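You will see chain A twice below: alongside chain B first, and alongside chain C after that.
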Partner chain A sequence: MELLDLSRFCMRLGDSCLIMAHRQSEMCSKGPFLEEDIAQTNLGLDLLGQAEALLIYAAELEGKGRTADDLVYKRPERGFYNFMLAEQPNTDFAFAVVRQYIMTLYLSRVYETLAKVDDETLSGIAAKAVKEIAYHQRHLGMWIKRLGEGTEESHERIQTAINELWMFVGELYEEDELDLKMQEAGYAISGEAMKAYLMANISSHLTEVTLSVPKSVYMTTGSKKGIHTEYLGYILAEMQYLQRAYPDAKW
Partner chain B sequence: MSESKDTQGELWEVFLQTKKGLPFKHAGSVHAYDKEMAIQNARDLYTRRGEGRGMWVVPANAIVAVDPSDDSSFFDPADDKVYRHPTFYELPEGIKNM
Partner chain C sequence: MSQAQEKELICQYLSEISDPEIPVINIVEMGMVRGVLFRESKLEILLSPTYSGCPAMDMIDHLVKEKLQSKGYDSVEITLVYKPAWTTDWMSDETKEKLRAYGIAPPVGKATSKKGLLNEDPVFCPQCGSKNTEIESMFGSTACKALYLCKDCLEPFDYFKCI
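Then we have the complex of A and B:
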């Protein structure tokens, strides 16, 4: 396994966690009620912790003297490799729930695999994350059910969020050259297996709570090459503001 | 006067156990609409820093409490009867959590 490949692999995963963490942090003080506000922010904190660990490791493996902070605050939009799904905005509570729910299913499978690899750092990060993600799955699964089976309006809103976000799901099981190398080394499952896992879980869960899986087949692609929706730029403008205004500021 | 409507759900009291075998202690309260949400909200508020290994949530309206105005009739009579307190025993060494 080439160190640079592993570094890129960790960076992709770390970027998705980081950007989702930022999205979750945006919900701080805006939750539907106090307890859920804290719950949503906690999900973000877990993801930020995972992002930090992964990006520290990515920077170390890269060996170019960059730190995790450099990766977070000094890369331009095209230098980020998070999934487009991760950057989608909190249009309403249902959008946030659906985004995190789908990403959580994906992450649970990713970390489960990584927890078993012969790399102490990565398997350690994954073993801790598996427990956190198991709770995310439980909490978000509860909301899918609650909103799906709730009122007419909650049902409509969550179905809308599912429909609108569906085109970003394809990236989660897309494969490029790096993915194939990681699969060969046992660090990732095949795109086909991931797709089967996601589809089986999502469709059985959704139909159980009176929701449906969209039929549309168009799926976006590009985040593995640093191509994003218009939303990432705004996230970075906010996240990197201090670094841009006062480069290398210290206090 | 218009009554302000609480839209945050019912109130639940949260009890935490720091270690298996120890008594559950009151930690605080949460709002939630049902049992499942109550236990998740309680987890998010009270157990994120290793505070517990066990947790109960109880609907606040299921708790029967002593009316504060009855304080004296409930609690004061024990004050002057020292023999009711186990203060004459010496605890053997090695006994914890007493």
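Then we have the complex of A and C:
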């Protein structure tokens, strides 16, 4: 395994966790009630911790003298490799729920695989994360059910979120050269296996709570090459503002 | 003083540091201190974070350095270790009892089992001891806790989740 490949792999995963953590931090004071407000931001906190550990490792493996902070604050939009799904905005509470629900299913499978690899650091991070994600999965699954089987309006709003976000799911199981190398080394499952796992879980869960899986087959792609939806730029504008205005500021 | 005795003494100093979120428990009891290593002129302390994103980690980092510096260790380095992942299974019964007396229901069962992890067993109210309790929110005042309500004494309480 080339160190640079492993670094890129950790950066992709770390970026998705980081950007989701930022989205979840935006939920602070916007939850539907106090307890959920706390829950939503706690989801973000776990993801931020995972992002930090992954990006520290990515920076170390890269060996170019960059730190995790450099990666977070000094890369431009095209240098981020998070999934487009991770950056989708909290248009409605239902959007936040669906985005996190799908990403959490994905992450649980990714971390389960990584917890078994022969790499002390990465398997350690994953073994910890897999337990945190189990709680996310249960919490978000509860919301899918609650909104799906709730009122006519909650049902319609969560179905809308599913429909609108569906085109971003394809990225979670597409494969490029790096993915194939990681699969060969046993660090990732095949795109086909990931697709089957996601589809089986999502479709059985949604059907059970009166929701449906969209028929549309168009799936967008690009984040593995640093191509994003317009939303990432706005996240970075806010997240990186201080470091760009006052480079290397510390407190 | 032999190295083993010195290590023991350092652990004793570290056990004077309480968890910033749970003042009745110290960081040694929490199982966060994973090693004390002497490296030439430096002292290295291995710490295991309870949660990946635990915001108390920075604070603990500072407290450990401050404590050891006050005992004459000028060069202290802290290394975070992720493997084996910290688990509530490392808490002793005595520690769990301290949690309960402080008003936090201790983790029920073992994190190694899926059932324990997602906590399907009844959680006893730390105030009145009733098991007639229900979960209000899976995430409480910190990421490591869930919010429960006792249906007998009607007190809300924190439950330290199995992880």
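Convention: the second predicted complex is superposed on the first by the 251 of 251 C-alpha atoms of A that agree within 3 Å, B and C clash if a C-alpha of one lies under 4 Å from a C-alpha of the other, contacts with A are read in each partner's own complex, and residues count from 1 in each chain.
Everything that follows uses one rule, which is that contacts are C-beta pairs under 8 Å (C-beta built on N, C-alpha and C of every residue); 3 or more make two chains touch, one makes a residue touch a chain.
Source: prediction; values computed, not measured.
Novice: Under the stated touch criterion, name the partner, chain B or chain C, that contacts more residues in chain A.
Specialist: In the superposed model, C touches more residues of chain A.
Novice: With the two complexes superposed on chain A, say which partner A:E36 touches: chain B (first), chain C (second), both, or neither.
Specialist: both
Novice: Taking the superposition on A as described, I'd like to know which of chain B and chain C A:R138 touches: first, second, both or neither.
Specialist: In the superposed model, A:R138 contacts both chain B and chain C.
Novice: Identify the partner contact of A:T220: answer first if only chain B is touched, second if only chain C is, both if each is, neither if none is.
Specialist: In the superposition, A:T220 contacts neither chain B nor chain C.
Novice: Where does A:N201 make contact in the superposed view: on chain B (first), on chain C (second), on both, or on neither?
Specialist: A:N201: touches no partner chain.
Novice: Residues on chain A in contact with chain B in one complex and with chain C in the other?
Specialist: In the superposed arrangement, which is not itself an observed complex, chain A uses residues 35-36, 38-39, 42, 135, 138-139 for both chain B and chain C.
Novice: Tell me, which parts of chain A touch chain C in their complex?
Specialist: My answer: residues 21, 35-36, 38-39, 42-43, 45-50, 52-53, 120-121, 123-125, 127-129, 131-132, 134-135, 138-139.
Novice: Which bits of chain A are touching chain B when the two form their complex?
Specialist: Against chain B, chain A makes touches at 33-36, 38-39, 42, 135, 138-139, 142, 146.
Novice: Report the residues of chain B in contact with chain A in the complex, numbered from low to high.
Specialist: Residue list for chain B touching chain A: 7-9, 30-32, 36-37, 40-41, 43-45, 48.
Novice: Quick one: which bits of chain C touch chain A in the complex? Just the residue numbers, please.
Specialist: 49, 51-55, 81-86, 111, 114, 117-118, 136-143, 147, 161, 163
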